[in-house]
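Naming follows writing order (A, B, C and D), and every chain is counted from residue 1.
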Amino acid sequence: MAPRIPVTLLGATGVVGQRFVARLAEHPLFELRHLCASPRNAGTAYAEACTWRVPAPAADRAYAGLGACTLAAPDPRTAAAPVVFSALDSGPAREIEPLFARAGALVFSNAAAFRMAPDVPLIIPEVNPDHLALVGVQRSARAWEGAILCNPNCTTTVLALALAPLHETFGVEAVCATSMQALSGAGHPGVSGLDALGNVLPHIQGEEQKLESETQKLLGRLDTERIEPADFCVSAHCNRVPVIDGHTLSVSVRLAAGPSPGAVREVLEAWRPQAARMGLPSAPPVPLCVHAGTDRPQVALDVGRDRGMSVHVGRIRACPVLGVKFTCLGHNTERGAAGGSLLVAELARARGLLSERP
Amino acid sequence: MAPRIPVTLLGATGVVGQRFVARLAEHPLFELRHLCASPRNAGTAYAEACTWRVPAPAADRAYAGLGACTLAAPDPRTAAAPVVFSALDSGPAREIEPLFARAGALVFSNAAAFRMAPDVPLIIPEVNPDHLALVGVQRSARAWEGAILCNPNCTTTVLALALAPLHETFGVEAVCATSMQALSGAGHPGVSGLDALGNVLPHIQGEEQKLESETQKLLGRLDTERIEPADFCVSAHCNRVPVIDGHTLSVSVRLAAGPSPGAVREVLEAWRPQAARMGLPSAPPVPLCVHAGTDRPQVALDVGRDRGMSVHVGRIRACPVLGVKFTCLGHNTERGAAGGSLLVAELARARGLLSERP
Amino acid sequence: MAPRIPVTLLGATGVVGQRFVARLAEHPLFELRHLCASPRNAGTAYAEACTWRVPAPAADRAYAGLGACTLAAPDPRTAAAPVVFSALDSGPAREIEPLFARAGALVFSNAAAFRMAPDVPLIIPEVNPDHLALVGVQRSARAWEGAILCNPNCTTTVLALALAPLHETFGVEAVCATSMQALSGAGHPGVSGLDALGNVLPHIQGEEQKLESETQKLLGRLDTERIEPADFCVSAHCNRVPVIDGHTLSVSVRLAAGPSPGAVREVLEAWRPQAARMGLPSAPPVPLCVHAGTDRPQVALDVGRDRGMSVHVGRIRACPVLGVKFTCLGHNTERGAAGGSLLVAELARARGLLSERP
Amino acid sequence: MAPRIPVTLLGATGVVGQRFVARLAEHPLFELRHLCASPRNAGTAYAEACTWRVPAPAADRAYAGLGACTLAAPDPRTAAAPVVFSALDSGPAREIEPLFARAGALVFSNAAAFRMAPDVPLIIPEVNPDHLALVGVQRSARAWEGAILCNPNCTTTVLALALAPLHETFGVEAVCATSMQALSGAGHPGVSGLDALGNVLPHIQGEEQKLESETQKLLGRLDTERIEPADFCVSAHCNRVPVIDGHTLSVSVRLAAGPSPGAVREVLEAWRPQAARMGLPSAPPVPLCVHAGTDRPQVALDVGRDRGMSVHVGRIRACPVLGVKFTCLGHNTERGAAGGSLLVAELARARGLLSERP
């Protein structure tokens, strides 16, 4: 059995950082070597610095094993590893991630900071694995030995996975998507309980813009050294609802080929993209779980399947305005964050990006 | 001061029936004479038969005064009154409401049973008061002395109030609406707490169809003896979220005139339909409350304004797919049910429909 | 009609401050003159500095009227008034409240800072109005022209109102109380939505100690110049539950006279303390509302009665361990905070404390 | 490897029945042979008859495997098995469980129907395994080949596990316990979402009486052919709070030996009853998980540990009224229902009760 690849985690104490910790504690390929947090927490024990919010049982083993670990400062000189996962907010990410990339690491980032940079790949392994080619562009352009590789915003991840087979088969022309997003998407403490309970918050700062632009990049076409964004429009309404984990979206879509809801359903059910057949440890066997029940998918029942890595689609039916509509659902801090980022790293490794480094 | 008009209430014990009771306890024009419930409850005290769910303070006076009242059977021979309000479910409504209408009463109904019948007016006073003319058609067609007058489904009410000034000014061509609906819309017990808490239910039986067809009838044109439905399409996604009272909708709309978001906002703010200027006791002074804050409207803050009779609009902005988008919100058991029905009765009275009866 | 007494409000932007603003906007005796917030917010408009969390309709008039007011710094030289209400946290209260008291104002404080000081009256008007006598002691001791008068912690207020008639009639010997407290008790943002939703938090910093000691002071006996605390023990378990407003307590109590539950019920129902008969504007006609239904009191139904100023008691029954047990409930930011403080001020005015000042 | 013992499940479609199905789908000793529901559902597929409420991932495998199974009528002639698990309500349980016991099955029952019968063992394996001796008494008294064995009410299970080591070591003299119980304890649909959300329901029918009497039986002493109930009093306040799974209790206790909180903590931490060392498949390695953090245990973080089979204790401290107080927490439909019942069956098998049958 090959030795596991050492890993540094940036932003280890937040809600997404904790999900990374829980997943990495049992990962067959990666071994958590450095837990980094903001410099003021460096030197303190992980368990003291973080308010643990991952429920048992996922939490138990990880937390027991790592609670006593000492947090490091996010500095590539003292916390070096060939692979870096970043759960940083965009502000710190903009400063810190390039330091690690310049020092030679592949930085798998959840932050929005570099997602839309032309030379940074924005990847969902099942959707656009070929965009990994931007790593070479980026290295040339920035003269880095390492690179930054991003996974999309949590809501975008759910939407793009549901749209990918439709775009491939029928051609997406327009999308109207209304999200009902979980509280964990805002981190901890994030949304005040007073604002959250029994309420709908009709606005999430910056979210609609991300959903609109990242989807176009993800479903765009690689044109040698750049991504030609998909030329359909996405209109997003992003709402926060009193749910802990799991973003639900009501989606209407116009497809060039004008297929029936039945044809849409068949394509979604049959989708087995290459990345689902590569044996990547975090990949669910079937990325899209299509539900038949009229009251599914539901956060309360479905979001935990395949350790939060499946995306769920249901209620596929005709839309009198755009042609087809459906509901989709995914786990925002697993598939939409930590698990999604790990999956990109697993793909990068399978494609040889981890061994080809000098 | 004129004597108040005696009133019979059908379906007095349900969630909507209780809202009627609370409003009628203090109404200047109507006097609650008969509280009817299902025959098996006839003869028992109101307080015993119903699980009161209207919070203090609205509840206090009504409940104290009426708790000891004896429930009557829903029979026009023993519970006659010139005005009847119906909070019945559609099944019983289909049987019972015609009995009262035939016996000479004006029946103001919340039920879906007759809403789409061609000779039954479906009314929001600020939106389509002229549709009252169908009362004459109905009486001729059915040889009834009374008549049935409906208010729309709770979700439709909110959407139609927001669309009415836009349709009048700019011409609505297509609407994509995603609702996040409150639990009280399903009555009591309605949705199980296990299904509701921390969850999004992506389906509400029959709701999308109602939202699509009732909106067209409401914004349709009276053509002598019939309503020509508005010829735009509505696509509805209806979801249930963990909120007690208040339906929120994310709406995208295509308008023939292609106005800017600013022009849409001005029209919504300036809208003062005739019914808002007639002094109807339940009418809010301004039917649409347009919010400037990016995080408004919110159920938790706004739904109780004007005793639940205002509809709230906010986040008016450009939609890359349909042109304009916004969020709207209204109180489903007040404006969307009991208050809405009372307002129709107040309009009917102001238009002389109550005095012209033989 | 007498002119209203000018009032300064400290801590105007918080959850309790907002409740003060809503109540003072319509108060017959007091007129809000200065809205103070932390110095960094001085000079900005009230609406900008505060995240308004008081729901409509209570909020509407106040907020419309005061949103544009400019916030003042909490300085008695520039924001002087004969009456000051303080919604400050304990830290700032310890610094700022004495400045106003020294400058001659009667400071009615919600903060914990001075509640247990021997020369500071801790008052619930219906419970211990005679403790007002400490004002004279305080002025002598501190050489202040004004004084600080406290109302108790929100949870203590609910418990002490329920215990007061029992202690008077039967003699309280021991109390076991478990609270299920609302989120608003922690202010805004206060408890994270992630921690609150679908959860019970079994600890509230400092709360149990307050409930145990403040209850003894409130039900203590005035002995010329000091309060002899009541000599019974209170054992408190304080929990946070996902409720917006309203603290519920499960209480077991041992009474010296060993009365039956029926006798306890009669005493609670019959209680009409002097302060309830003085016409104080914020006083509910009956301070304790005793419920007969086995499923009452309930936050969702009862907490809003009398604008949140009643305390509710129900499920009075035998306790096999301590003798009698019951459930009680009160509105934590109204009776337990802003409304409670206003009521103390109304009592002080009725007792001549406001006019006797030099 | 020994063949698995065939099992019949009564009440398979309810919330507890579903937990049994999920656990039995992967059980090493028992094999689900007959899924029984009410006679009107006999013959329909399991997936059609039940509204599945067990979240993924626990649900996935079980549901996929069993959804197509046909439901049987609860009749021992057609659905016979040596082991029967019952998730029936008390009414049906009173009729149906004896039919199976008479026919020779060991019936492991969650219902309240027979728990307090003098010849029926009420068992928590870690607490009172010796009470199994009542099986012989029951068989003689009732001339049954089989027998009924009960596990306690869900709330009682949590309390009794926390009290057991204290009673053994220090002698319990009195207990005041306030529960904050999850919605799933009332089944599905159970509590209406309208009653549950943002509310505390201060009463649960029959619950307080069960908590008071079952605890005494569980901690009672086996005296040859009968149980001498423990002679301490339990006073229960049972409340429903908006939580999905997990009952939290605030407990004050008087102990004869008057130990310090530290001594209590040590005893709870050190407790390793025999049943925890027997290798029973559903037994957690340590039945009581003692938490050090002042804000633990929490439903949201802790209830899922060891697949819901641990009971959690925290905040152990002095109680000024009874001596010691703490918070405890357990999973009501796992440890408190399906898992608890399975554990009794595993104990019975380990003690030879399953093989000694004729």
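The working rule: a residue touches a chain if its C-beta (ideal position, glycine included) is under 8 Å from a C-beta of that chain, and two chains touch if they have at least 3 such contacts.
This one's a predicted model, so the numbers in the text were calculated from it and none came from an experiment.
Where touching is counted per the definition, the chains common to chain B and chain C are A, D. With respect to chain A, maximal separation of chain centres occurs for C (centres as means of Cα atoms). If you average the CA atoms of chain A and of chain D, the two centres end up 40 Å from each other.
Taking the mean of the C-alpha atoms as each chain's centre, chain C and chain D sit 42 Å apart.
Look at where the CA atoms of chain A average out and do the same for chain C: the two points lie 47 Å apart. Within chain C, residues 53, 195, 197-198, 242-244, 300 each touch two or more of the remaining chains. Note for the complex: chain B touches chain D at residues 15, 53, 183-184, 186, 188-198, 242-244.
Only residues 52-57, 59-60, 197-198, 244, 300-307 of chain A touch chain D when the two sit together in their complex.
Note for the complex: chain C touches chain D at residues 174-176, 178, 180, 195, 198-203, 212, 233-235, 237, 239, 241-244, 246, 248, 250, 252, 294-300, 314-315, 319-322, 325, 327.
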